[in-house]
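Here's the structure we're looking at; comments come further down.
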């Protein structure tokens, strides 16, 4: 009852695992995902600034760091459910927003309620900050799916996750998307082509030293 | 691509954790929960039979063992979301049923499709088997919540889970519910009253042997 | 002291890991294994019924769901130990049965003792239900071993587990065994032949959309 | 070799556990800690702004989100080692800075090197942003230690961690520190005084409904 | 195929969990237990030497470090099974010894076979080294059970484990047993009497600094 | 306060994970590593003895079993930090030794302090026992790195770990090193060349039985 309730609740996101049952090699908590999105977004925004785009850093900070906080209230609903119909999607979003509103009214002191309403709003709008959040969120899906595929997970779900995330990213018109496609993605591909390590050869080289 | 796809998918439920982020002492997979519900329901049905009630064991088998299989498709949606409005609840149920229908059409050979439609139907109807499933499902919530509360977890969510499950159970009119309330629940309460072990005393007794 | 002791003990099987130290990619609890055996057996029995075989569903329910409950008492004894000599095997089985008998006498109220004696009996007899349990139990070994081998575990133990389970299954004369060999096993083999995902190609296709 | 190397490295921090061997109830990854620090700092800065203090949100974003990235290079050195002597401390800091410098030169493209040097600098300076980072970092120690102590961990290390963190916080002269001490800390204390749940009473109330 | 097979097999003992399903707060691998037994035995032997008893350090080294290696072959058989009858116990021991003999013949080069036969023999004989191994093994049960009981695990199994281990130890006539009972056990008892930490008081003291 | 504090602290090393964040397939605790080093060293010393070298088994026992105990005090400092400069290395070693000295003075009864000072000293000196410890410690790095590389981990860190450990070993002039290089290493290499299991072929063979 107070900010303490909110701060303590952050802890729970370390025990919520993304796409439970699917990652076979390395699982990810919502906390760790959130932090990586914060980190990607920071670099993406830096690249925008280098091209002369003005960034509202406060807004970017707010929307990236809190973008999955709502999972505490609604749980981990599978993507196909959310995409089933516009009607269901909007209904689920209303429920989530209602729960967040209710949480704020119950727990956040009046003088901070406006701030929390702004922080916990849906951040993926059409501003440059909203678009960067979308790119950063999808980039983590690219990285998460890549790490599984590279190690031999052949689950279709990750092929779809990887491909859909890439398609989403490439259709967003930002300088940093260009940078990602031209400078970062090729390194990911290159890494996927690395052959398994030849232990015999390393051994022989080491013994010959 | 056949029953294989279905059989292999069962494996994923061992990695889906119930109420993620909430259990602080012992987590539970959907597989383990499903198995315990199967086990409780068996004894509950035995008690009904002892009172002369006829049990359709095939039906009971089907609905208890598969009752949470749908979580593979929709994920773990928090209870308050499901209970938000009748409209949302029915919409989510429709989506789940649609996904199961689609899965069956895509993967299950025609000669077995009817069987799978029956097996994967919503089992909690007003028959004695449907009611037993409801009791068994809620009994596992009683046990899961009890195990946390007993060890000192003070999270409100478990008090609510424990209390709501008990209320649901006691309002179901079955012989086995009577048995549970009269014969089993008192043992649970007694266990909650056990004092912590007095290591000093055990030590002294052991040394005096 | 009462059914509560039995119900609470079910929880322990979620922490007993099968073949400890051997699974390198995905471990399995006895609970999850038990639930999968229940699920396989259900479909296998459906297939028998389709061929006109009568199934005693109550018996099948009882013996599949409880078939590994005895591990709570005796622990996880390695297969080669059990198979060392007929004498040792029968002695171990006697000990297990004695412990179960003792547990029932200590904990189960008199009016339910007969039911528990029946439920917790050794289920793998020569009836169709006993044989289905044997097939379902071995099928889970096929799936467990396959999942390891497919991901690159070269441990001999899994080759032996996979092969022995298959041999056991194919020598059982049931319609559902025929179905497994003809309709399900080929899909397992096909899955073993899937090449690793070509990330480069998926990327290029996604970018070309 | 490029930003990809940096982005991929973020993933490793999800597997680095804080104070390994010490947390008995709930472990924390460096990723999750970093995200919580980001979240606390955001609210702390909001409180400062409400008191008319100007916040450089870009700087705050940079220093909070990256403040423990260096652990990838140096590992988790115990606090008493770092505090052993000013000489050792400054030497370790030089090594860390040298490794970060070297990582940037090796992996970050020239046009982004200045940005990364700024982002990965030591952030705990005497500016308001540096002080907020210090408060937020210590607040997570308060929460981490509190969660252990509250559940019955009597390890001296957590008493010291809790106490030292509080002392550090209270000696920082910020509006948000005042707010924390007056509005948040009392709720933490209140929570520590909650008695264990009385299962008997909840049961009786539920049955009386 | 050589010592490599033996060395590689050591790794498996890190995944074999002692008393699976029973430890609720902290699980222990056979590797970690083995290492702790090695460490306790070393100090116990030091105490014997201080009293003028001659220690065969090579023998002590061999029998303590390998004392549970046989679990790789036979698995984790519950104590009550082993103690069921002298006949079963001796039969199980024969099987274990047979498997170890077979493993040595198959895998260990001839010139080292005698050494391995000696190392992997049953070490708990009536020599001082054999007795120290017994004390050290039981001491780890005391510590393992104590850690559970102290945190509120009320499982009877741990009371029995703690008590039986103590009784076994106190009946062994060694100087180090005397030392354990007089100097170490009282500190264990004292620790069991520590009250939970009073967070409120620590907080007030910290703020008053 | 007494040996109890020391014995209880051993437990913490089971929760300290080596090279956190790096092992992708199988993590290793410091306890398990310590036990494996004890085991390797025993066989290495046996080989030395076979060549007529006298072994001080008490010393070997002491230095192998305790060689990483100091990690409790200083944590897991990354190898490149330790190797950064001779000055830093010696300063860190002094801090570790100071902490161990302080721990002994605080906790170990006077009559055992000399023993503990000897046991917890740095063991890697130029005696045959010190060299065997060095070989055994590096052998575990060979095995740990090999297990990752063999399963497809392409992380450079493991290539370097594997190679550096091999180079260190081969430059030590002991009979057991010769044995390792001639008799054991070739089996490791052979294992690295094993092709993935051909599930299709095993299946066909099993069905043909």
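So that you can tell them apart, the chains are marked A, B, C, D, E and F in the order they are listed, and the count of residues begins at 1 in each.
Operating definition for what follows: contacts are C-beta pairs under 8 Å (C-beta built on N, C-alpha and C of every residue); 3 or more make two chains touch, one makes a residue touch a chain.
Fair warning: this is a prediction, and the values are worked out from it, not measured in the lab.
In terms of the stated touch criterion, the partners common to chain A and chain F are C, D, listed by label. With centres computed as the average of Cα coordinates, no chain lies farther from chain F than B.
Rotation relating chain A to chain D, from a C-alpha superposition: 180°, rounded in steps of 5. Of all chains, the one whose Cα centroid sits at the greatest distance from that of chain C is D. Spacing of chain B relative to chain E, judged by their CA centroids, is 38 angstrom. If you average the Cα atoms of chain C and of chain D, the two centres end up 46 Å apart. The mean-CA centres of chain D and chain F are about 32 angstrom from one another, to the nearest whole unit. Shared contact sites, meaning residues of chain E that touch two or more other chains, fall at 13-14, 25-26, 152, 188, 191. Looking at which chains touch one another, you get A-B, A-C, A-D, A-F, B-C, B-D, B-E, C-E, C-F, D-E, D-F, E-F.
The residues of chain F lying in touch with chain D in their complex are 12-17, 20-22, 72-78, 80-81, 84, 87-88, 91-92, 95, 98-99.
Residues of chain D touching chain E in their complex: 24, 146, 149-150, 152-154, 158-159, 162-163, 166-167, 170, 181, 185, 188-189, 192-193.
Chain contact summary for the complex, chain C toward chain B: residues 1-8, 10-11, 13-14, 26, 28-29, 31-32, 34-36, 38-40, 42-43, 46-47, 50, 55, 57-58, 60-62, 65-66, 109, 111-112, 115, 119, 139, 143, 147, 183-184, 187-188, 190-191.
Chain E meets chain D in the complex at residues 25-26, 151-152, 191, 194, 196-200, 202-203, 205-207, 209.
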